[in-house]
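The data blocks that follow each hold one structure.
You will see subunit A twice below: alongside subunit B first, and alongside subunit C after that.
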Partner chain A sequence: MASHDHDHDNEKKSAGEKKPVLLLAEFDSTAKIFHAAEKVRDAGFTRWDVHTPFPIHGMDGAMGLPDSRLGWIVAAMALTGFCSALGMIYYMNVVDYPLIIGGKPPWSIPSVAPVAFELTILFSAFGAVFGMFGINRLPRHHHPIFFSQRFERATDDRFFVSIEVDDPKYDEKKTRKLLEDAHATHIEVIEEEVV
Partner chain B sequence: MSSANPNAPIKEINEVALAAPEYDFHRITDDVAKVTENPAPRGWWVMFLIAVSLLGALGLTLAYLFWKGIGAWGNNQPISWAWDITNFVWWVGIGHAGTLISAVLFLFRQKWRTSINRAAEAMTIFAVICALMFPGIHVGRVWLMYYPFPIPNSMGIWPNFKSPLLWDVFAVSTYFTVSLLFWYVGLVPDLATLRDRSKNKIRRMAYGAFALGWRGSNRHWQNYERAYMILAAISTPLVLSVHSVVSFDFATSVIPGWHTTIFPPYFVAGAIFSGFAMVLTLMLVVRSVFKLHGLITLKHIEFMNKIILATGSIVGYAYAMEFFIAWYSGNDYERYVFFVSRMKGPYAWAYWSMIICNVISPQIFWVKSMRTNVPVSYAVSIFVNIGMWFERFVIIATSLHRDFLPSSWGYFHPTPIDVMTYLGSFGLFFTFFLLFIRWLPAIAIAEVKGVLPESDPHFEAHGDHGSHGDEHHDDDHKSDDHAEDGESKASSAEA
Partner chain C sequence: MSATSHKSEGKLEIDSNGPWSSAWKIAAAVGALGLAGVGAGFASDPKRLAFSYLFAFMAFLTLGIGTLFFVVIQHISAAHWSVGIRRTAEFFMGGIPALIVLFLPLFALMQHFPQWEHYGHASSHGATAQAGHGAQQAGHGEHGQQAGHGEQAGHGERPSLHELETRGLHNVHHQTLEKKKLWFDKTFFFIRQAIYLFVWGWLSWRFFKLSTGQDKSKDKKVTVAMARSAPWSIALLALTLTFASFDWLMALEPAWYSTIFGVTIFAGGLVAAMAALILTGLGLKKAGYIGDAVNIEHFHDMGKLMFGFNCFWAYVCFSQFFLIWYASIPEETVFYHARWNENPAWQPVTMSLAVLHFAIPFVFLMSRNVKRRMNLLALGAITLLVMHVVEYYWLVLPMFKAGAHGAQAAASHGAEAHHSLPVSWMDLVSLLAVGGVYLAMVFKLMTQHKLIPVSDPRLERSKHHSN
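And now, the complex of A and B:
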């Protein structure tokens, strides 16, 4: 187990085995995590995150996150789906092998509507799901935050703030103080082996 | 931050708790996850053995069917569609409730959906699998099933995109794919919950693999919620389109009783009606077998019964309107189908069963004590399931059995193979469904937590003002000062 509570001082760079990567603070209510997030945001941190068992209403604002870009991906995919459907039907039923059935013209807009609609939806759904996982950089099965035993409750009933040690504003003592003042119930430094 | 927040939750009039008051975050995790962790109760095993036996019977039936050909069924000319297409439309219809609950009710901010949406979505996927089986085996030569797909083949010919049957292939397979994605996206945070609770390595690896390393990050939740909303927004027209396209299979033909413009909305209402009935049939059993009464409350059952009443009445209106249009059109064939064939013909027994089950039985839900009564709800849900099967059978059989030429008139008699194929599809459905409730979180853990009052970040400030409210405010101000200090220090350090 690579998580330690207060042994950050003992850390020696020369030993080279482990270096701190994250400061993880635990909270026990949505109100506390909400205010803690606002404080971390106002303190100017950029490389940090909030971990909650369910999405908390208003947390994006409390963290100061810009709007999600996902909609653009989905819009592009929707257009691709629509055009692919039209192109496919036009090529297959008009160019490559015109089928004259019931005296209908090979290309008729009403008859392409259902398939064009379905493919628009299908491509949009792929865009929404795989786009979301892509933006979120998931799957990612290995993450230093999982070294924390306590973090197992992040998917149950506890709320966490994690601040990366690489954040320019990070300062072990000040940051710890900031989180303590925000009513963190537990704070730990997560270390990762240096490769 | 000031505690006089503009985002304070507004309590709606008569707003009810969506989980029993003793539930907190951990209890929800516990109750739902326990179902997958504890040994299955005896009731589960009994149902599972029945389901697997039926699935085995389906396998044998299909083997025999492929060996003998479609003649093993009672299908004939004129009734060439018979039970298999009836079953197809019936199963697809059932599959509509899942997406309706997860997408349409989501867009309308109906938070009560959280307790039932997971199971309803699973039901949708399994029902659509059953539905897809029927046209697949109805084509007769199943090894030629690739004909409707736009793939190059040795004949050098492409599918006919002007055919409603081809639209159906695209609509139902898109519906299946999108429902599966929607369901999986919803499952990811809950799979992470099961991963983090697991005590042994196999469970941790299995759930962990599908949880994709989810760590509840709010940066992820932001995109996740956006994805969920987009999926809901695109699934809503999708769910309406799917049964509309299914109804085009009928409506674009020139068969009396099929050739009508009311079919798309009428089919969609019927689909929602039958889907909710099936959700109720399943959830009432799940609730009692796994003791989830605190999460699937009488309130949820009442809401579902109201939707059954509303959609059942729409269906009843559609039945009446078909008669009116047949009369008003002055078309002899249309009038014959409705006023003679359906009401008094050889299939009158099916027609009146449909009316009793679909139109009359849900009317009992006008009475509040009836729609909050579990045995009555269960009985009506069964009636509706039966009635909606009869609806599709009536549409298919009565319109086909009286052809334009009296010499082609006929009647459909099911064979044992017909019966076994239908019963076997229940085996397929329930095997999947039982495995699902046993091994996956049957209730959306993260979503239900989100509807608890304490999930609101402003809950404490508004909850008990008397006891520690003031203290809380003081803390707030103090820590606000700290934050500002921190900021000024930081900026001076930079300077």
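And now, the complex of A and C:
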């Protein structure tokens, strides 16, 4: 409980004042983190997250996450790729430099199909990767959660719930109580310098 | 762990007085009616009936083999998600013995198929080869660029382009047909058919017996035994289905071959199998059976497989078409020529396969929300099942040439004789006969066994599967 964050003492030189930004609660089992997530969800929090060393089945439901928007990004990119291929070949082989290949007319659908297919897949893959980065707001150089030394075990054998202080439902005492009731083994407030 | 709670157990055996208990009787009655029609067809026009029966039989055979394949891949991958629905697949697989009996009439009808018109009486194969392809080559000049294939560079009077083309084509056809002679040796042919039927019958019987036996014995070793049998079963299935499709479907155009043909048949069969499983599973659930052993998560996954294999089907079908279209070599294009230029009535059917079997279901079934809405998923499954039947009609019937027994017949009929679809009442009665008899056996098995593998060690995990 009485954990002091020495990590960012070094940075004190640049600016002075600190303010709390995150409430970090540590759990020691998947069952506990699962039920904690359900409690936080039911309490109506919106700006919070769960950090675990491995995916936990059903956590999306326990956190009340809606379906990912990624599919729509991928679909839009797929359609863009498909149309780009058609447009590109139409322009090149019909408008700009008509060329008869293999005795086929300049605009013949079967010969366009492989290119359209490949560009659809390529754009979809780009959409999936970069869309995922975008939705997760990556890449990101800094996050206050890494001020916590205990958080290093999120990649090993501990499970964490982090709730942002900005969350409209956040109340230092009540939120701490909620997490304690959910059998958190350790709770700490993470502070960050005001820039 | 899962947020959704599973409560309903559902009935695991067919009630003695529900609609599912008498389903097999209805199917059997339809089958009997169909068989009577098939008999009448055989009496009136055995050649036309041969094509109808082959079309209907192959549509259901590929579906049946598809369900067998589905069962085998569940064992090879030690899947737990599919345990509940696996029994439904096993019922369809268990009906394969009915298909084996339905296979037998094909032997009585085989003399009417083009490959046996050719190889059946080896002495006159030269003449029949010309008869079979003379009609297709009549009156089209768009293959002009292939005139060089003709080996007879004109001495003296220059032969016409069309003449060159025809002569060259016949040369190539003749060579191909000579090479295939060994494959169509009758003894070899019948040995092959015996192997196919034995493999299909034995595999379906074995997997059905093991799985249903486990219901009572509760022996976990059975699960291991089925997994051990799976790898070589897959190899046997791949080989037998490929060669059976060569023998009965590809050979309808005796001089034509495509190495990917067997894959297209396999892929299409698996799509139909997934569609049939989805519809049967939904039907059982609607009547209050199988409870949460098969729930929305399983239907979602089945929808994914149906969608995925439908893409695969389109992919291999297009690959086949694309290479042939690009190379545009006459002995290769005959397959598509018969379904496009030679008889334009087939053009809408060919297009319907591209649009209704692939494009529309592809867009429709892509969304997670559609696959998780049972009415919409059922609509997709019905569409794909109907298109599966259309695909077989498209594979078989263009090869039906009424009375094209000799060169003169082909010449006199010419192009204008083949400008409509050869639709006949025999197509319908054949579908009813094969479908009725096959489904009668499937539905009968349903009334005799548990509707899910109650003693499968993975059943509990399957119930809590989530996407």
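A few remarks follow.
Operating definition for what follows: the second predicted complex is superposed on the first by the 180 of 195 C-alpha atoms of A that agree within 3 Å, B and C clash if a C-alpha of one lies under 4 Å from a C-alpha of the other, contacts with A are read in each partner's own complex, and residues count from 1 in each chain.
Note that a contact is a pair of C-beta atoms (placed from the backbone, for glycine too) under 8 Å apart; a residue touches a chain by one contact, two chains touch by 3 or more.
All figures in this text were calculated on a predicted structure; none of them were measured in a lab.
After superposition onto subunit A, partners subunit B and subunit C are found to clash with each other. Once the two complexes are overlaid on the shared chain, A:G87 sits clear of subunit B and of subunit C alike.
When both complexes are overlaid on chain A, the residue A:G103 reaches subunit C alone and has no touch with subunit B. In the superposition on chain A, A:G58 contacts both subunit B and subunit C. In the superposed model, A:P114 makes contact with both subunit B and subunit C.
In the superposition on chain A, contact of A:G71 is made with both subunit B and subunit C. Clashing C-alpha atoms between subunit B and subunit C appear in just one of the listed stretches 325-333, 361-369, 433-441 or 487-495, and that stretch is 325-333.
In the three-chain superposition model, subunit A touches both subunit B and subunit C at residues 34, 38, 56-58, 62, 71, 102, 104, 111, 114. For subunit C in complex with subunit A, the residues that touch the partner chain are 1-4, 145, 318, 321-322, 325-326, 328, 366-368, 466. Contact residues on subunit A toward subunit C in their complex (touch as defined above): 34, 38, 56-58, 61-62, 67, 71, 75, 102-104, 110-111, 113-114.
Subunit B makes touch with subunit A in their complex at residues 1, 7, 24-26, 29, 150, 156-164, 166-167, 170-171, 174, 177-178, 181-182, 184-185, 189, 192-193, 195-197, 208-209, 212-227, 230-231, 234-235, 237-238, 241, 245, 248, 445-447, 449-450, 454-461, 475-476, 478-480, 482-484, 486-487, 489-491.
Remark: subunit A residues 29-31, 33-35, 37-39, 42-44, 49-60, 62-63, 65, 68, 70-71, 74, 88-89, 92-93, 96-97, 99, 101-102, 104, 108, 111-112, 114-115, 117-119, 121-122, 124-126, 128-129, 131-133, 135-136, 138-143, 145-146, 151-157, 160, 169, 174, 177-178, 181-183 touch subunit B in the complex.
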